[in-house]
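One structure, as structure tokens, below. Some questions next.
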Amino acid sequence: MDKRMSAREAVAQIEDGMTVGIGGWGPRRKPMALVREILRSDLKDLTVVSYGGADVGMLCAAGKVKKLVFAFVSLDFIPLEPYFRQARQSGAIEVMEIDEGMLLLGLRAAAWSLPFMPTEVGLGTDVLTHNPQIKIIDSPYDDKEWVAMPALPLDVSLIHVDRADFRGVCQIAGPDHYMDDWFARAANNTIVSCDELVDTDFFHDPARAREVFWERSATSAIVEAPGGAHPSSCSPRYGFDVAHFKAYAASAKDGGINAYMEQYLGADEAEYQRNVGGLEAITSLALPTY
Amino acid sequence: MDKRMSAREAVAQIEDGMTVGIGGWGPRRKPMALVREILRSDLKDLTVVSYGGADVGMLCAAGKVKKLVFAFVSLDFIPLEPYFRQARQSGAIEVMEIDEGMLLLGLRAAAWSLPFMPTEVGLGTDVLTHNPQIKIIDSPYDDKEWVAMPALPLDVSLIHVDRADFRGVCQIAGPDHYMDDWFARAANNTIVSCDELVDTDFFHDPARAREVFWERSATSAIVEAPGGAHPSSCSPRYGFDVAHFKAYAASAKDGGINAYMEQYLGADEAEYQRNVGGLEAITSLALPTY
Amino acid sequence: MSNAATEYTLAELCIVASAEAFRYDGEVLATGIGVIPRLAASLAMKTFNPDLMMTDSESFLLSEPNPLGERPADFQPATETWMGFSRIFDNVWSGKRHAMLGPTQIDRFGQSNTSALGGTYAQPKVMMLGARGFPGNSISHPNSFFVPGHNDRVFLAGECDYVSSVGYNPARLPKGHALDDIDIRRVITDLCVMDFGGPEHQLRLLSLHPGVTAEQVQENTGFALCIGDSVPTTPAPTVEQLAIIAALDPHNQRASQIAGNPPGKRS
Amino acid sequence: MSNAATEYTLAELCIVASAEAFRYDGEVLATGIGVIPRLAASLAMKTFNPDLMMTDSESFLLSEPNPLGERPADFQPATETWMGFSRIFDNVWSGKRHAMLGPTQIDRFGQSNTSALGGTYAQPKVMMLGARGFPGNSISHPNSFFVPGHNDRVFLAGECDYVSSVGYNPARLPKGHALDDIDIRRVITDLCVMDFGGPEHQLRLLSLHPGVTAEQVQENTGFALCIGDSVPTTPAPTVEQLAIIAALDPHNQRASQIAGNPPGKRS
């Protein structure tokens, strides 16, 4: 089964109103080439589930988001994501604001075909105040109350990885795969962009096969996108683009997302990369020190 | 914190009636040196939780087991564990017979401080007929019934690993860590035997640190026991001992566990190893081909 | 692939018939436990369903099935994805798997037993493996059965002594589930190929191995089978299939799987 | 370690005072978010509690804390255990962790806010990070707070605009839980050290930084503090502690953590 397709073909599978999970974490290994393709599309009314960074900010600013399921949205070195803030402060989006671990549990429940996972996380906080659809249940084994964190099944997940083959075997060579395995498993349709397309025999080495975090049956589409995580990082290949993120954040105060998109987005990824200095500039970005 | 101790000191921490989890899988990487130390002790009335192999057979035969929580007991190439069969067929032990995945869920629930995990596994089978303590619950999100697999908190876990340092950082270099991470996390007191004791700086290599599957706070005691998985395997160091397992299985028909223990167990691990041909013979055992 | 062989063993016939169970699965984990089911899944992956996934029976998914038994010292398995036992359950619970297994008892509901025979539950007469992963497999994903010795002790008259896996038993149907949610695919034995496609999920004869009669199958089954007017003969392996099987099983482990290693065409 | 320094910055005093929060923790994951909490946890690990565990803020546990900021090209972190973000939650839910964090609001119950200020929930006046991991941290394991600017906007008069973390609020206590199950340890600010050890878990003054008065602390707090008759002075860093801090923070990031980088002894 050859799962390769263009970013445009992959994004064309997404429909208005769908629930879209986005892998990565804050400014780290976000499937930005796929996010940009959504920006170029006329998709709307998406429910986005993300450990959010600029993916969330851009999609909110461009009016693609009806509802956001999140625990945080941040660019780390710029703690407050400017366009996400604008969206919240203007009341433009619905939200399901939950704890980071609850989000993980919701993805796992979906991956494991369960309606919910019990947890005490959320009790006593405004997570429950503002999410009355999250039910509190009794346990048959004790006298405590427990949060029944509902499954978060995804119509589509977008993930960026280091390498993949045409059948959807995906390697994350960086130090952390974040929750990407659960995004892949929780989704009906998992679209993966990769910095590098490799032959299948690349994985015929147990050390590399160890860096494959879900079986290929959980991958639906492979999009070759070198540098596709930019401006987020794809460690160990390249770091996040501090200067670009600063320009992005500044645009929120002056010009807005339309000015940002006008300047950078382009008609396709090739044009985007020319607008941000070229692929070589991206892959030369220094890794962050934490 | 120096967690090193002898097998005898470690096993002395176990008390009659405790619930003891045992890592490994069937004939693979079982903490047999620690199991042997239990055989030498006067411990009794244990509840044993295991993906069972000869660990379960020996403990049952030696009268150490009050109750067994299991999904299977097998030596793989000898499918039916002879002493486990005798224990069941003589009605000598209570059992909680569940599905392999339910056992995993029970360990995870304990590790995550949850009373239960929902699952549909077990529905329609005799797992539920014979375990009325496992409750069926309704979900607040659908009209199905769900099994509330109860947490399986462990007083003690026994695990065998390849390498460990004195602080309890444990490396499993073999191809699978089985459910050992969950046994470690589900237990109040995790006793780990290791084939090799190493200095802490051994782990100052990300590739090795990747083979550490739980943080040292989940390890309570470290017992240096080269060859300590024998007669089970500790891949990639040594395979399981086919000849020894055959002799063990034969003893069940002729002589029983007392004859087996008389011939092999010895007063300590050094004597055991002399009785089975020496450490060099153990570490020379060929790896199995699957 | 249409060059029917004239000489083949019953084991080889069963491998080919069992492989058919995986033909339309698409991209799922094919788990064949035992020599014949494993060769069947491997044959399917090597021929008509290359999208199948398979483990090395240890901890990795393979792009190419491993041959059985000892392999040359320089053999390099085609690993593609780490798949330790804990991750197997992520796959099981996703439903993207098809297992072929050989339980000790199979009843008219398709319920199976891997645990205990006779006596009481507290003290069974014959203790076997335990429930294993059968409860989870049967409620989560499609399953097939392979039975090397078709008789009325395996296909027993009553209900299984211990029900390890769910079947089409209305009395045990969980709330909110439908019998049609249960997905038992093929039952391959040394006599025939069957499925549960009869009326009300009755076990149905699909094909008879050469030289076997429907009466013979019914006599060796403890409950009534659904038998059509004309039951076809299980297709013979092709020459190409036999060559692939021989390459996958260089030590001929398949020869010891059915008592006496009879030929596929019985007189 | 008893050689009190005479010259030190307020940031250094806060680091040392914050390190004390981890002294009796035993073997837990110490997570300090922000420069001063991270240096505090690192100092504790390097001195009086070597059993602490710490991450590299990316994906590994370290046997030795990493210094902050750019490190030499040949620097080798002392990794000991992979600890990706998903595994962090295995640790959180086990309770074997102590986090020190800097929320934007802390109310009299010890509830804190990292999410939103003012307006309505549908349209807050100021949106911040979100609930982050605060709900899970606060119900699962001990937590401490560091506040670089002690004022009555942080320590507000009412309840937090958004409650990200549970505190000692009887009105929000979950069924089956006790207030004593909640474990907020220390609150370190630029003025003082506090805990919730007052009557009915009232915020209590433990020590005043040199030159700060109890009245000054109370004036900058939006609710009544528990203040004893004689409040000790926060101990000065020792010379040895300052040297360790300097080694852990070679680029002096601590100098920019408290406005104006004042000295520890204020006149």
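Letters A, B, C and D mark the chains as written, and numbering starts fresh at 1 in each.
The working rule: a residue touches a chain if its C-beta (ideal position, glycine included) is under 8 Å from a C-beta of that chain, and two chains touch if they have at least 3 such contacts.
Fair warning: this is a prediction, and the values are worked out from it, not measured in the lab.
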Chain-contact steps, minimal, separating subunit D from subunit C: 2
More contacts between chains, B-C or B-D: B-C
Rounded Å distance, subunit A centre to subunit B centre (Cα mean): 39
Centre-of-Cα separation between subunit D and subunit A, whole angstrom: 30
Interface hub residues of subunit B, defined as touching at least two other chains: 112-114, 119-120, 142, 144, 175, 206, 210
Shared-contact residues (touching 2 or more other chains) in subunit C: 60, 93, 140
Those chain pairs that satisfy the touch definition: A-B, A-C, A-D, B-C, B-D
Parts of subunit C lying in touch with subunit B, wherever the complex brings them together: 56-60, 66, 69-71, 84-86, 89, 92-93, 115-116, 119-136, 138-140, 162-167, 169, 172-177
Contact set on subunit B toward subunit C in their complex: 25, 70-74, 79-80, 84-85, 88-91, 97-102, 104, 119-127, 129-130, 142-145, 175-179, 181-182, 289-290
Residues of subunit C defined as touching subunit A within the complex: 27-29, 51, 53, 60-61, 63, 76-83, 90-91, 93-96, 140
Residue ranges of subunit B in contact with subunit A within the complex: 112-120, 135, 137, 139-142, 144, 146, 148, 150-151, 175, 206-207, 210
Subunit A residues within the subunit C interface of the complex: 1, 111-114, 167, 169, 185, 200-201, 203-206, 209-210, 212, 214-218
